[in-house]
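Below is one structure. I have some questions about it.
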Amino acid sequence: MSDLTAERLAAAHQALRSGDRERALEYWHPDVRFQSPGNHPYAGWHDGLDAFMGFIRTWQRLAGGTLRMEQIACLVNPVDGYTIDVNRCTAVRKRTGSDGTSFYEHLQMEGVDLMRWENGRVVEGRGGIFGDGTANFSSFFGPIGPNGLRSDD
Amino acid sequence: MSDLTAERLAAAHQALRSGDRERALEYWHPDVRFQSPGNHPYAGWHDGLDAFMGFIRTWQRLAGGTLRMEQIACLVNPVDGYTIDVNRCTAVRKRTGSDGTSFYEHLQMEGVDLMRWENGRVVEGRGGIFGDGTANFSSFFGPIGPNGLRSDD
Amino acid sequence: MSDLTAERLAAAHQALRSGDRERALEYWHPDVRFQSPGNHPYAGWHDGLDAFMGFIRTWQRLAGGTLRMEQIACLVNPVDGYTIDVNRCTAVRKRTGSDGTSFYEHLQMEGVDLMRWENGRVVEGRGGIFGDGTANFSSFFGPIGPNGLRSDD
Amino acid sequence: MSDLTAERLAAAHQALRSGDRERALEYWHPDVRFQSPGNHPYAGWHDGLDAFMGFIRTWQRLAGGTLRMEQIACLVNPVDGYTIDVNRCTAVRKRTGSDGTSFYEHLQMEGVDLMRWENGRVVEGRGGIFGDGTANFSSFFGPIGPNGLRSDD
């Protein structure tokens, strides 16, 4: 797997976020599974590329264009077929009747994406979170805002 | 509101759990709202009797007949129109591929149901939880089991 | 226990918050135990009046004069010896290098204090929390601020 | 930093866990800071090697010889000076009056240790956790057991 590089990892992320399934299939196995960290309606293992891309779309929808991922570091182990990128992530979810500044709406966290590759494609991925970011991440994705009102926006 | 008694509160709960909407309407206002505690897919304010009864049905479905509520104490303030019952609650949610013993499946907690009454019917209710029971309650209702697999059973 | 009234409960709280042990002993049994809700360094059962008053002092110290408790409702069951008051609580913990506005510093929650009385004094108490207030409560009492720095102020 | 290898990372961990400060100083800068994930009495940034080693000792003490770390993968970026090892961690904390099987006592999680190196020594480290392991990790380190009793063992 001599072609496993930071560049290929970056291209895999771009393809995934584009929402273009055909393009994503160049880097992600159709049976890829990804574990979203924390405990919230979208947490746990998403089995298959369609489920995984569905999770990404949900995230993009809730963040309404505010999702930012800044890479802090990138590590590649081509021998064993692993990549990890360390990211700082920010997003704002403006819930109905709220201004987007609460702990349930303003996401700011740092974490990793661990990917395992086989034959040039990711077959398994997991998100990990540093510090107390999991609390913020789960609150962001949860159904309730700071006032306890339920919302899907 | 001289008729607000522990007996009427008990009857209100029985009517609610029966799933019979007509019977429930004797004790619960059609616009009643209830706040499920914690942060999980079914947390927050459920607005209206139908939404509230839907939450109760979800709980009964996930517990598959294991839901037990034991009343520890009951307090009534008929002058201001409040009742509180203190309960011990146990339930088991057997997720696919698991045996129902994990923190995500075996619920054991103690808490209160605060109800505000107007003209003989509950218009607002809130669940409160003692100790660290909220962690158990949210894990029970969450989508993931001890292995991180997502399930709706 | 015909003398168990809302007035006596209010007096018990005042005596407790005064920090005057002798005055507190009029309302609180020396072996009283109180369970602080959530999971944080000061959570769980505090056994004995001294431990309980120590918890109250810690809360007052961290809040630096900002602790406010507003009673929403009060329920008394003199026959079985129970009282519950429903409170709205706010407090601000300004940690070093922070402005006191974060989820880890600005506490706003609603909950109950359940007290069991024997012979005119409280022998056991438990705090219960509505909604997702437990997350806020535990973050307030936890050692870390929004930046992950540890502090005891 | 051509000498940054998986072997050097493994040696750094061994030196740290040995509790021998002099030996640890070969791999860890005296001003190293490490962020323990989650929110619990030992969470957040531990500043300086002494504070960091104190956290490790606490973990070893609470686990009473049961702490196991199994490396799943190791990634090294010698150009930028980063290492990450991916670990499966298990530990049992037997609290007074409990059998060590509860969510508050039996730790099982997977995560990463991200280390930043300068001149052959770690200057900053952070623990990150996959899935819902943060809940288990914080419960393990928290003061309360399954019965809500506080303990320091």
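The first chain written gets the first letter, and so on, giving A, B, C and D; residue counts start at 1 in each chain.
The criterion applied here is as follows: a contact is a pair of C-beta atoms (placed from the backbone, for glycine too) under 8 Å apart; a residue touches a chain by one contact, two chains touch by 3 or more.
Just so you know, these numbers come straight off a predicted model, no measurement behind them.
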item	value
Which of B-D and A-B has more C-beta pairs touching across its chains	A-B
Distance from the mean Cα position of chain C to that of chain B, given in whole angstrom	25
Chain centre separation (chain A, chain B; CA means) in Å	33
Between chain D and chain B, distance of the C-alpha-averaged centres to the nearest whole Å	39
Touching two or more other chains - residues of chain A	35, 39, 43-44, 131-132, 135, 139, 144, 148
Chain contact graph, described as a line, ring, star, complete graph or other shape	complete
Chain A to chain B touching residues, read off their complex	35, 39-46, 138-139, 142-144, 148-150
Chain B to chain C touching residues, read off their complex	35, 37-39, 43-44, 73-77, 80, 82-84, 86, 110-112, 114, 126-132, 134-135
Residue numbers on chain D that touch chain B, as the complex places them	102-103, 131-132, 135, 139, 144, 148
